[in-house]
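Shown below is the structure under consideration.
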């Protein structure tokens, strides 16, 4: 039904160009059967791969297509890319589910889901070694070790959020590692800090997200996630784990729960308590900074325009400057050259 | 007129105990002549040393004392410490300006003014070596070098503020170094950052304070400081210096000015622009975090109570927990030991 | 040392009049030894009974008194009430700890601690009967019954807060009963509400306060109370209890936790989630209204002035009008009588 | 021109299904003549009945249709329901104004306008009997009686708002009755409240809406409504009525005006004064709660999705949980059954 | 009992110097009988004249004095000015009510109450002539004329506020005239404005203050003032007056009421509606600006310090710069003179 | 190719009527080549003249047209105006660049760009004469004169903003003149103001906009404008100019910089300092008022509806009332005529 893919590497949605015919692979995010004005049906799909997503129409063989493909399927498609009101749109001519043989002609499952650019296994190793080597109290080492062990699969796959930041496969772990490196720096550079607490906070502050969300490939909130929230769910999870450890000190556990509960920094941002220790304060700052930097990256990467600034980002409440790092070579300068 | 000081080290205000007679040294911060109900005069002084300050009364030989001591003087005093409405108060029996010989019996000028606990010369050397070794663009190295050279004396002595944080001799430099180490960490740990800009921001973000304030021993705002503010004054100073450098690139200077102008992070905190680059965002976070951590230290150090929490701090909007770092040895624990 | 109390009923602090000598009983809240200007010591006490508290000075026999009475003691005192800067003050002539015989001459321990005006046992019975008779699901009946049983002593004695509202012995129970009656009304008057959830919310919303606070006679925050807060502590307590009940339905427990977590109504008021069910919304409103009404009562009762309005109350952000309920008989009227 | 309606009951818009042909009745809310790209005209109508509204197109006989139907008309229509970008849309084949005979074949005017689900006459009777039986002061009974009498028609038909809550025929009265029952509960359950004032507040707090809005069938703001607002208009109306009553007490009237003026609770919500009496405080809470509960109902009823939560509601600032009230039977539970 | 006043002009409180004996005149604002520690009584008075007020003690002949003078009395006093905790305090030796003959020796009633520095009669004439000459619609001329006529006495004496601005005899009229001149300017300088409305707004915007306050000599809020507020009271008063005028146009009156109701500019500042016309917008700005300028004047006049800035003013939320208007002659300059 | 324009005056976009064929002139703001569903191309243009802008489609001769016209071109067009979803849309039949001869048949370049309704040269003359005649200090006269001279071209053409207010050719000058007249009024009507400072503030407060924006015909932000902002850019520009003047007094310059920096009035509105002088306070108020009045005008002029109110304006946060200034003749009145 479909010719073999002309190129051996998979063409990503972000790279598609208007007025060209393309053959490639994607996942079906949404599928709807609709009627044209003349009463004839057509299919509206949203296709996506790790680079982005694309509105798609199928005008022909509609019933047949409709029966053979479903939401969530990985598909091979062929069609014409058009401009529709300034956005790209695909008119599909052929489409079918992928088959094992497609791997030969370029299909790569790893290109379907957006994912961290870091190596998940290396990050996991780093996480474990920090816990083993930098935590001095055995009780905390045991607590962290147990939680990591029980949640390894989720930690390696979950995003850190549905939309705003680190919203991709492995984003949770990427964010945790980043926060962890930052608190290690601060524990070295500032006096009087409790490194065990800082590490506990870095590792555990978002642990509730593993229960707040489901399905790392297409993350969504659980009912319990919406009604309780990851801040409290994380504290509850950690308290339950600590109660399995013999003689876990009461006030130490309270401090770890406080780190988790206060990491949003302010009541109006969802923390029922403000940070009341230096460790909690640092955790809030490096967590918030890492989230915002990830958002900056995302905006700078995705902004399609060629102006010096991105469009206004509602989450950050500002436009972002696309700075050019070889500025010292600019032809224009503040001062005239002395001659 | 006064016996030699019995101990060879100077007794600090914070260490004074109620109902004891003390002989020591301090500076006169405030001096007022007042009348008792019976019409007789008395002197009210505020004495201070690096550990704190003390309300003081002189009931006898008032006119004589009044003529011989002035605000700002370093003095030797002898008197009785009393409790007055819960605060310590000193009734002075003898007081005179210090004389060179006092050094023999314990007077130490370094104990008068509160100052950084770090070594100023070492910090200064670190600051210069970072500029020399970590900045890649010659134009920025020149800019930073010139500004440091012209302001060396102020940089080594100024506080970073009058009240809230790093409000002591050398506090400016301590704060700059701390912010600098943080941005060096982030430039190493995060991709795509312009290290030159981060260093410029760390070194220059508060440079306007050298003109906003006067008198590092007893800092106060200048008129220009109150009407313009260190945020804009810093940007103006840096622009003036850059205009002395041949061919300083226009957009590069704009970015440095932006770092300074946006470092308060939000409009309502005094920045006329929000951070619009990743470097400006990082600068804001590490600057703000360092200021708040310094405040935490200060509160924890000065809080006189023996409760688990400090009293409510208006600047931080919270009480701070006095955590005990050997918690793992606590007798109380969450779980019962399995036997 | 002291004559028998002339009257058989105990005179309360609120009823003391300036320039009169009084003999009565109270508790010592604070005791401080201070020095007069001439170096002689005096004692400053704060006395209190259920009607209020009183600044007190002892000028004579100071050392002797100081050794025989302590903070927390119940005492018999005799002294002169004076006006000091517009507030009443007591100069004590005689003071000693109470003895059993004082009961004969009027001492009544129940007059010492401020307490609810309602009958604690009756409220307790009402609470239990509502749970037994109005809750339809056995699992919730079991949950509420268990929690009440384990906490009976605290529920019967705790205040609902340290300062703002229901801040007296039995205030917790009084507040719970009031919220409970309100939700029963709403469950009857509005359609489609889950009465079990409403009752659970009313009974449990502040249950975390039993661990957030200690010592109902002189309530204070625990360390865990300050770092975690009663909102989360309550949810954790309830989750722990539910896990002891066989087959407690998951989503039902989540809803009860949501009721507790969201009862402050807004994130900035300390709830990590806003009410997302009608039951949670109602709970927030009737809880908040009951607290504010209690505050109105307290202000109206304690305001000493004779103006039409109380002084400005910082918690309520307003003055309160002292309305006169027989207004229809007022001589002044909007309209002239037609004759 | 049109066949008789096949079913004897009127089919409501909410119940229409895509890809079916329907014959039913509705009101024309909006009518616009437009041009297709080829220059030919078509009609765009918005039809509505009490269950919702529907975008509608007429492609044929356009001029003829346009001349025979107008905005506001009740019409009989026949057409095909289609899906257009995820929303239902109707392509009309036949349409004409209703005629008396349509009642026989199913047309019911009561199905056109959305209206309260309560019996208006019963609510009116309840309102009058509360005034007669629960108000103790004759002057207030007279005031309320007069206002009700003069505004009977409006009170029985007006909505309580244009959009947010109780926005349907009879919504005003439904809201007043609900607030009234609540204040009656509080007057019984809380001590020291003036029941006459509470009843006056419940009955009169929104009375200004009868002048702020016009046309209960299709409510809109009057010019005076927009420039003055129902809060002040209500107070003015009540003052005018009270001035017709002989010897209405001045301060009593002031209190009633205060109830009306302060019922929004906060200055930023449109009340020029905060509640300064307990009665005004209660009125604000039960009014606000009733409005929000009505909004919850509306959202839960109208949300089309099948997820556990409604979509985000801008007015409430949250999603609402669609709880299932037979939760105790859930198969999933927190704890494993002990066996 | 008292010698004649040595100087023929009355010495004002602001001009008193510490450690001097003074004989002058003032009003008694507050009088309290208190007890010294030894049980002997003394009198505490607050004296005031138009320049300020003064804490005062009478140690001798206390009962006698107490019986002969009362709050509100104008008195002649003699005493010694002392410094008490940095503020001036008076120890009175002689005091008695003023007698007619005191006028000969310097007593001037006009010096007792703080009052506008403008000529009240001239302002009144200006107000009337603007109404007569600048208002074009007869109905508005009649409305303004009637209101001015009925309230002439109050308009000529009331302050515009109790504390914040124009808080002195005649302040109301001074403020109205100032706002009036501003709106006349704007009506001339901006096109399309309705001058009649602007004048109405200027004259009437604060008219409710004549009922919100009582007693211009020592202004206080009325009960109705606190519960309703001058914003609504003014609109009600104007509506009542307009209803006395034959055929006053409905929408015109609504616009005037809107001007009054919206003149605070924002809901959170107490206006139930924001300005929705250009006239209402202008009125808000010039009213607010005039109030703030009056506050600046007051602060600059009263600030006792010799620094370049006043102390922090809570109402304005800032310090105010004491600028020197002959700055062009300053010795210091930005640039060096080229020579 | 195109017939001569039938009327001798140019038809403006705002005056176009649906379903009519029009021939007129405009500028091309945007040009995009797009594909129809059948794959054929069409052109989408946005045309604009001083009265507004218009969405435009070209269905025929697309490639040919595309090659001959460009963004920014002035063109002659002929086409049919249609209604598309409630907005006007033009289907172009003929289009070409304007040629000199078009002036004969009605083309007027002045009708293309929206511009101030005031005479630019008269405003410029007024501006210069105020500086010459009203400024008393020579140094300020020199400063203002120099800045005006250097920026004459920009001052005569720039808008005062891109979107919100005075967003048209000459808007900057119109706004400056308006603020200038206002401060002249206040300097005359209020005592103790420094007129030189007021004039400096009026002339210079927005001077940074001449560098913040580029291209007055189609204004946009510069990179430096976005990163620094006109508030600081203006202060920097003025400081640079003052440094060219011999002996410009230091504190005087600081005050002028303060006027510029604080003219937004509040930190959250982008001023790094609040106004701390009366002159700065006045400048902020008259600047803000003039901007808002211009917005009112704009909204009232452009609102297409026939209701009494404009639609909601997000910038002003309200609807605006379209008042009718001959209200006194209204048939409806508050009171019945007495007969």
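By letter and in written order, the chains are A, B, C, D, E and F; residue numbering begins at 1 in each of them.
We adopt the following convention: a contact is a pair of C-beta atoms (placed from the backbone, for glycine too) under 8 Å apart; a residue touches a chain by one contact, two chains touch by 3 or more.
Given the structure is predicted, the values throughout are model-derived calculations rather than measurements.
The minimum number of touch steps linking subunit B to subunit E comes to 1. Considering every other chain in turn, the ones in contact with both subunit D and subunit E prove to be C, F.
Should one ask which of D-F and B-F has more C-beta pairs in contact, the pair is B-F.
Measuring from the averaged C-alpha position of subunit A to that of subunit C gives a distance of 49 Å. Look at where the CA atoms of subunit A average out and do the same for subunit F: the two points lie 43 Å apart.
If each chain is reduced to the centroid of its CA atoms, subunit C and subunit D end up 42 Å from each other. Within subunit D, residues 223, 226-227, 239, 250-251, 255, 258, 276, 309, 319, 321 each touch two or more of the remaining chains.
Pairwise chain contacts in this structure: A-B, A-C, A-D, A-F, B-C, B-E, B-F, C-D, C-E, D-E, D-F, E-F.
Partner subunit B is touched in their complex by these residues of subunit E: 18-19, 80, 82-86, 91, 308-309, 319, 321. Considering their complex, residues 223-224, 226-229, 231-232, 235-236, 239, 250-251, 254-255, 257-258, 261, 267-273, 276 of subunit D touch subunit E. The part of subunit F that touches subunit E in the complex is made up of residues 137-140, 178, 181-182, 185-186, 189-190, 192, 194, 239, 242-253, 255, 258, 274-279, 281-282, 285, 288-289, 292-293, 296-297, 309, 317-321, 323-325, 327-330, 332-338.
Against subunit B, in their complex, subunit C makes its touches with residues 32-35, 37, 39, 223, 226-227.
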